[in-house]
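Next come two complexes built around subunit A: one with subunit B, the other with subunit C.
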Partner chain A sequence: MLNYILRRILYAFPILVGVNLITFFLFFVVNTPDDMARMHLGMKHVTEEAIENWKQERGYDRPLLWNESASGSEKLTETLIISESLKLFRFDFGVADDGRNIGGDIKQRMGPSLAIAVPIFLIGLFTNITFAMLMVFFRATYLDLSGVVLTVVLMSISGLFYVIGGQFVVGKLMHLVPISGYEGGLGAFRFVILPVVIGVISGIGSGTRWYRTIFLEEMGKDYVRTARAKGLSEYRVLFHHVLRNAMIPILTGAVVVLPLLFMGSLITESFFGIPGLGSYTIEAINAQDFAIVRAMVFLGAVLYIIGLLLTDLSYTLVDPRVRLS
Partner chain B sequence: MSELYAWLGGKPLFLWTDMLIWLLVAVIVLGVSYTRRRPHLLEPWHRVAKSRLAMGSLVVLLVYVVIGLLDSLHYRPALEQSDQSEEVHYAVEALTALDWMVGGLRESGEKSYSAPLATHLYVREMVGESGGEVRRDYPRLKSGGAHLQNPQQRAADLVENSIVGGAKGLLLWLGIALLLVLLLTRKRQQISPRRWVVEVARGETATPWRTILLVTAVVSLLLMAAIQVGVKYHILGTDKVGQDVFYQAVKSIRTGLVIGTLTTLIMLPFAILLGIMAGYFRGWIDDMIQYTYTTLNSIPGVLLIAAAILMIHVYIDTNAALFETTEERADLRLLFLCIILGVTSWTGLCRLLRGETLKLREMDYITAAHAFGVKNIRIIIRHILPNVMHVVLISVVLDFSGLVLAEAVLSYVGVGVDPTMYSWGNMINGARLEMAREPVVWWTLLASFLFMFTMVLAANLFSDVVREAFDPRVHKGE
Partner chain C sequence: MSSNKVKKGGIVAGVVAALFVHLLSISAHANWNSPYPSEVVDEQVLYSSFSGRPKHLDPARSYSSNEYTFIGQIYEPPLQYHYLKRPYKLEPLVASAIPEAYYIDRDGERLADGAAVEDIAYSIYEVSIREGVRYQPHPAFARNDSGALRYVELTEDALSGVENLSDFPHNNSRLLTAEDYVYQIKRLAHPALHSPIFGLMTEHIVGLSDLREALKGAREKDSSGWLDLRKFPLEGVEVVDAHTYRIKIKGKYPQFLYWLAMPFFAPMPWEVDQFHAQPLLQERNITLDWYPVGTGPFMLTVNNPNRKMVLERNPNYHPDYYPVEGEAKDRLSGLLDDGGEQIPFLDRIEFSLEKETIPYWNKFLQGYYDSSGISSDSFDQAVQFSSSGEAELSREMEKRGMRLQTSVSTSIFYMGFNMADPVIGGSSERARKLRQAISIAVDYEEYISIFANGRGIPAQGPLPAGIFGHQDGGEGINSVVYQWQDGRARRRSLEEAKRLLAEAGYPKGRDRESGKPLTLYFDVTASGPDDKARMGWYRKQFEKIDLQLVIRNTDYNRFQDKMLNGNAQIYLWGWNADYPDPENFLFLLYGPNAKMGKNGENASNYDSADFNRLFERMKNMENSPERQQVIEQMTALLQEDAPWVWGFHPKNFGLYHAWYRNTKPNLMANNTLKYVRLNPVERARLRAEWNRPVLWPLWGGGLLLLLLIVPAWLGIRRKERSSLRTQEG
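For the complex of A and B:
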């Protein structure tokens, strides 16, 4: 087991290198540090001196790929690609354009992100599975059919409308909760509840449909027929046999997104003014702060790879037939 | 050539996305004529054609497609000559065939917000009285209901116009229905037109013609009524700068369609080629391809798109001289958005194709082909490719609605289509703060919601039926 985990972590390394190369290409080769400096200092009236200063402050004054002026192996190492990549791999994200430490910001903003994303994930999972079970229980009746139609309708509405509509109805018409904002500690509940409810509702359409297909696939299997032949009630078949077997695809589907919960949700957070990582990313994109975007890309990739690893491990935990090799 | 343009009053403008869209139309026409002659390919489509849901949503989708195609014929209108010089100058702003058809809609600008079907502005302004007094009031609109002497006649006028428009729609529908009867009964001569009409009315035909005709009736009634009323009023009001919201929503159809279709068109060759290669050759080729898509997959999609769009921004800013019109600049960004969306979304299809090919290559007929000494490339083209096409088709149809929805989110994040381009995402983005305004301005959001929801819903319903019809697991027993 340990052996397997170690090997998987080693496999992850080349992928991270690849991610790093892609981001380096996008952020340093296509947009050279000179371009970045010019953009931040204002397109016109920029002196060479100001650009050099800007680059020096951030350590961008080294050559990109090959340092002619250095000697020996430093020709390779004293370059932007090596120094910037090494920093990322040490999770040292540097400073943002406004001078704040990106690593510190990320740590601070993870809390609010999780306060929104974890409840949405858990409540959403529970709601969707419950609805899907109900639809399967009443399958091939009008209840099931109208449920299917309803899920398609819910799926066809853009996520933006859920947020805008929810804010309007609950926040503005009914004055139940504040429309946006956040505070730490227990006071957060007031601010978290609306985004969570909206997040769950907007996920019901696709989620329920997905779980319904999984359950229906399980329903067609032989053990279900055996259970029915034994004379078990439909309720027992569904909850004791089908649900337990369906846990394998459900669990593996859920585990892969688990680490990505840290990244937060872009739309929910920025609409509700939650100071999490999602709104951090959007702000960085709008301010064209490349250092933050690059840090978030790398963080996202690391979390995704952890998700893949967890998925494989969870397979072995829930399904004894799977052997790690 | 230039004389021809002068005579036509405009010069065609060939945009990249226009050309790709028409290329796609050509590919679809070729595909249809190829499929028609092959019963085994036609069979799943027969299943689709029997579904009332699929045919009903197909009619709606076709209306969207026709509008989108009309909107994909760009031209630059000739400017009126001020001096006596021979040379004709063309406008910097490009128009489309659709603009030409609904000319009245485009030109009817107001000053600011006005509610749907209103005759007065939604905001108070200083109005000069005839006596020299100045007071704050809601001024009359320049074009919305401007033909009315007295605004109180509005209700009667609206009813009258909707009835006239409805009658036109009815006529249009009757024309279509008559054409259908003639076409369909001429082909099968054993059935008289009268008998066929009875069968359709009872819903007894194999293809659900009754549903098709009903949906067509609703659509043509709405369309003609909207045109009739839309020329005189702002059906869905005007936005902050006084532009007709209905016009914006209609123009956004093209953007949605382009993103939904071109993205898949661009990514398809890569996904098919790499997916089949990975599954067929295995070994180090498989490792390389798997590495590539895992790497791309592990970058959060929105961030990759954001990075790429920021990049094209810099390119467009530094090469501003390359673009004669704003449309060309916006178009390049749209094309680039399609490409980068394609890059982030091809991995799913690639993985599916790899899995399918892995299964297929163990089949007896592939072994037989190997034994006969058939070359790999030929095996792939003749034996593997046709057998994975259903996977490709299903994923293309399923992806469409997701991409249309993604456009709205990306525009909100600020990395979507060009802000000057009409799109539902830009409409929502511009209007999202209007719900917090007092009094509320709700019509821009409603318009984008209605248009987007109808298209995505139709696409979702249609793709469900297509997926079921093409899924071999569902029809194993047949």
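For the complex of A and C:
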């Protein structure tokens, strides 16, 4: 197992290098450092000298890939891509173009994102599996059919509608919770309850359909027939046999997103005024802040790789037949 | 007890605990939906918001209105705009009087008042500041027992546990000196600060460029350390005594006084600069760009741009009083009721991050924000137009006791023609008539009605109302585009536009010589959701006179490149005044300021010898009938040449709750929050009335859930029993 984990970690490096290279190319194909400077220096009274100074201060006056004016190995190292990328691998994200420490900002914004994303994930998972199990339990009855129709309806409604509708009904008409905002500590509860409820409800449609499909597929397998032949109740068949055997596809979908919960949700956080990471990358792209974009893409890639690794490891926990080597 | 039972018990306990926490947290609030922690009802706390984190709070760098909302209340330049008087008028803030310039010639000899502009080599402004003004408490001023600054050369050990400025146990203050103002002017030249006005100020302040070179050299030797700007002389700025400093300006530049009312010229104590230059503090985001330090009425005590910014009253604020004079109507509207009272009235201002307009608007309606602009989503709910076309509050808003205030902003949005373009540009009769025809066809009255909910005034020239030189009524209309009929300006007919087009050589939109349809190119950065409709509208305006308009949509950077290289043909642009002087608008069309090749602000690259000559004369004149005459000549030239379709001046709409007092739109002043007064008791009463929890849907929902669960549960039981019976049978 340890060998497997080490090997996977080593595999991660070329992937991260590739991701980093692509980020650099995509960003600099669209934006030149001159563009970035203009964006940061504003619209009024911007001189060429100011642009040159801005680039020099942030090191954007260096060549991207190959520094002809340098000597020896510095031809390679004194370039934008190498000097900036190496820091990332030490998780030193540097400073944003507005002078703020990116690592500090990520640390600060991660908490509120998790305060929303973790409950939505856990409660959503529980709710979706429960509903799916119930639909499978009542399969081919009017309850199942109604459930399918309801889930399709829930899936068809835009996520934004849930957010605005929820704020309107619960916050504006019923005055039960604040419409938006955030507080640290226990005070956060009042602010996260509505986004969490909305997050769970908006995910019921797709989640329940997905798990229902998985469970129905399992229901047709031989071991289910055997379990029934043994005289087990439908309840035991479903919850003790089908659920356990359906864990691999469930884990495939669920564990991989676990680390990405850190990255937050753009729409939910924007509308509920949650100061999370959801909008950090988008804001940085709009502001052409390459330092933040680079850091967030790198972090996203690392978390995704961790998610995949965790998924593989979790298979061994739920299915003793799986051996990692 | 089995482990399963323990787990279930844990879950139940968790849910109960969560509900308990919720009940505890809401019981602390009078209103369940209050977004604020429990508050003292009679405290003067203003609740506002910000939609994105400000980029810069350093007065040498900051140059946008969302940043001035904060630093305008903290930093105090020598001058300010009178809060109530119109037209906008400068008055001393920290200066003891408005400085009057005297002039010297090339030999350094003082010239008599009224000397010819050609003889003036330099203008000298001597600024005297008030005594006894102190800075807000700040750790940068803290000193140890031996009198040395306490928090310099900080080590990692000394900073353990320090994440914010408030984590420093010792604070202190000191008196404001003239040297602090000089220090800040030197900061404009600091190579690491990229002050947006450095380039502009090098044209005016003597020696600023040389200082930049000296500072650059010093930074090349040591880029990590703090540059003590006191050691670097600036030829044009010097300290006269502890409370007086002198600024030497090249030539005559009367508009310089307006700059002295902007945060760029606020004081900066060297101790604060030194304190924030420490790398270990910068790693903790404690930089001067994020932690402003000033002498103003408020100080920034919570600085979390990801969530909340809080300004609190500065305990060291110098005596300052609400104005006793204003416009005649101000007394009637109660704006002078607080005249002569000590300000600020507010104890605290809380800005919460609010990115979306819908939640902001709903919270404003619930009374959790004290004032609001009006987005297009909520415009119809808030405003209705009377039969005379006047905007007034909707009945619903009136019932809540709100007030609507409107003001025409000192800015302009226009459609420009690139005067260097071979088809649309140039001073030929043919091109001029083509531009005039387009100016008539593009109906900005319709644009304002469709896309701005009627919030704008069609522009007749570059100068908006409130700026010297602007003319109202029939005298001020652009006679190329409008006629004065029945007491109002009426747009000329499309027939006239088509006639002009035919005279330009394009009858029915076709080139008379080649017979080909005339195609024009519109260079825009249209990426928003409404832009498709907007671009469609522009295309239709050109089609009205048989012209084809090709939209060349591009991103902001490419667009900037096109403008710089002179490759755009027709474009959209805007300008917001730095100061209320016609020079700040008319320079947008001054030839030497061309965008193409010179990166100036004249985006149309308009270059008329007559206009340039008049501009050079006008810019140095005092406001007088003579200056008015020159401006009229310049405006007439511009209207005839039509380098812009003059577009419109936006109108600002603001809504204020009944408890919000002393509001008068002042588009020039940045420090207006010190005049605001609230009635927090009335606010608390109305908030409670407007936000009573409505619980019956909750019980109804619970019942519905029960009705769904019970049949399902019964169904499960029945199914289980029937399968058991089947097995038994």
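In this section, the second predicted complex is superposed on the first by the 314 of 325 C-alpha atoms of A that agree within 3 Å, B and C clash if a C-alpha of one lies under 4 Å from a C-alpha of the other, contacts with A are read in each partner's own complex, and residues count from 1 in each chain.
Just so it is clear, contacts are C-beta pairs under 8 Å (C-beta built on N, C-alpha and C of every residue); 3 or more make two chains touch, one makes a residue touch a chain.
These numbers were taken from a predicted model, which means no experiment stands behind them.
Trainee: Do subunit B and subunit C fit side by side on subunit A after the overlay, or clash?
Mentor: After superposition on subunit A, which the two structures share, subunit B runs into subunit C.
Trainee: Go through the superposed model and pick first if A:G159 touches only subunit B, second if only subunit C, both, or neither.
Mentor: The first partner, subunit B, only.
Trainee: In the superposed arrangement, does A:I198 touch subunit B (first), subunit C (second), both or neither?
Mentor: Touch partners of A:I198: none, neither subunit B nor subunit C.
Trainee: Is A:V136 contacted by the first partner subunit B, the second partner subunit C, both or neither?
Mentor: In the superposition, A:V136 contacts neither subunit B nor subunit C.
Trainee: I'd like to know which partner A:A246 touches here: subunit B for first, subunit C for second, both or neither.
Mentor: neither
Trainee: Contacts for A:Q167 in the overlay, against subunit B (first) and subunit C (second): which applies, first, second, both or neither?
Mentor: both
Trainee: State whether A:N31 touches subunit B only (first), subunit C only (second), both chains, or neither.
Mentor: Both partners, subunit B and subunit C.
Trainee: Going by the touch definition up top, name the partner, subunit B or subunit C, that contacts more of subunit A.
Mentor: Subunit A has more residues touched by C than by the other partner.
Trainee: Applying the document's definition of touch, where does A:L266 land relative to subunit B and subunit C: first, second, both, or neither?
Mentor: In the superposition, A:L266 touches subunit B alone.
Trainee: After superposing on chain A, which of these stretches of subunit C ends up overlapping subunit B: 237-245, 525-533, 579-587 or 705-713?
Mentor: Only 525-533 shows clashing C-alpha atoms.
Trainee: Show me the subunit A residues, by the header's touch rule, that subunit B contacts in one structure and subunit C contacts in the other.
Mentor: 30-31, 35, 39, 164, 167-168, 172, 179, 271.
Trainee: Taking the complex as given, what residues does subunit A use to touch subunit C?
Mentor: 30-32, 34-35, 38-42, 44-50, 53-54, 57, 95, 98-101, 104-105, 108-109, 112, 134, 137-138, 143, 164, 167-169, 171-183, 186-187, 189-191, 193, 231, 233-235, 270-273, 275, 279, 283, 287
Trainee: Along subunit C, where are the residues that touch subunit A in the complex?
Mentor: 18, 21-22, 24-26, 31-37, 52-53, 55-56, 63-64, 191-192, 194, 196-200, 282-285, 287, 289-290, 304-307, 352-356, 358-360, 362-363, 365-366, 368, 555-557, 560, 578, 599, 601, 691-695, 697-698, 712, 715-716, 719-720, 723-724, 727
Trainee: Once bound in the complex, which stretches of subunit B touch subunit A?
Mentor: So the residues of subunit B touching subunit A come out as 291-292, 294-300, 302-304, 306-308, 310-311, 314, 401, 405, 408-409, 412-415, 424, 428, 432, 435-436, 440, 445, 449, 452-453, 456-457, 460-461, 464.
Trainee: Which residues, counting only subunit A, touch subunit B once they are in their complex?
Mentor: 14-15, 18-19, 22-23, 26-27, 30-31, 35, 39, 152-153, 155-161, 164, 167-168, 172, 179, 260, 263, 266-267, 271, 281-282, 285-286, 288, 290, 293, 296-297, 300-301, 304-305, 308
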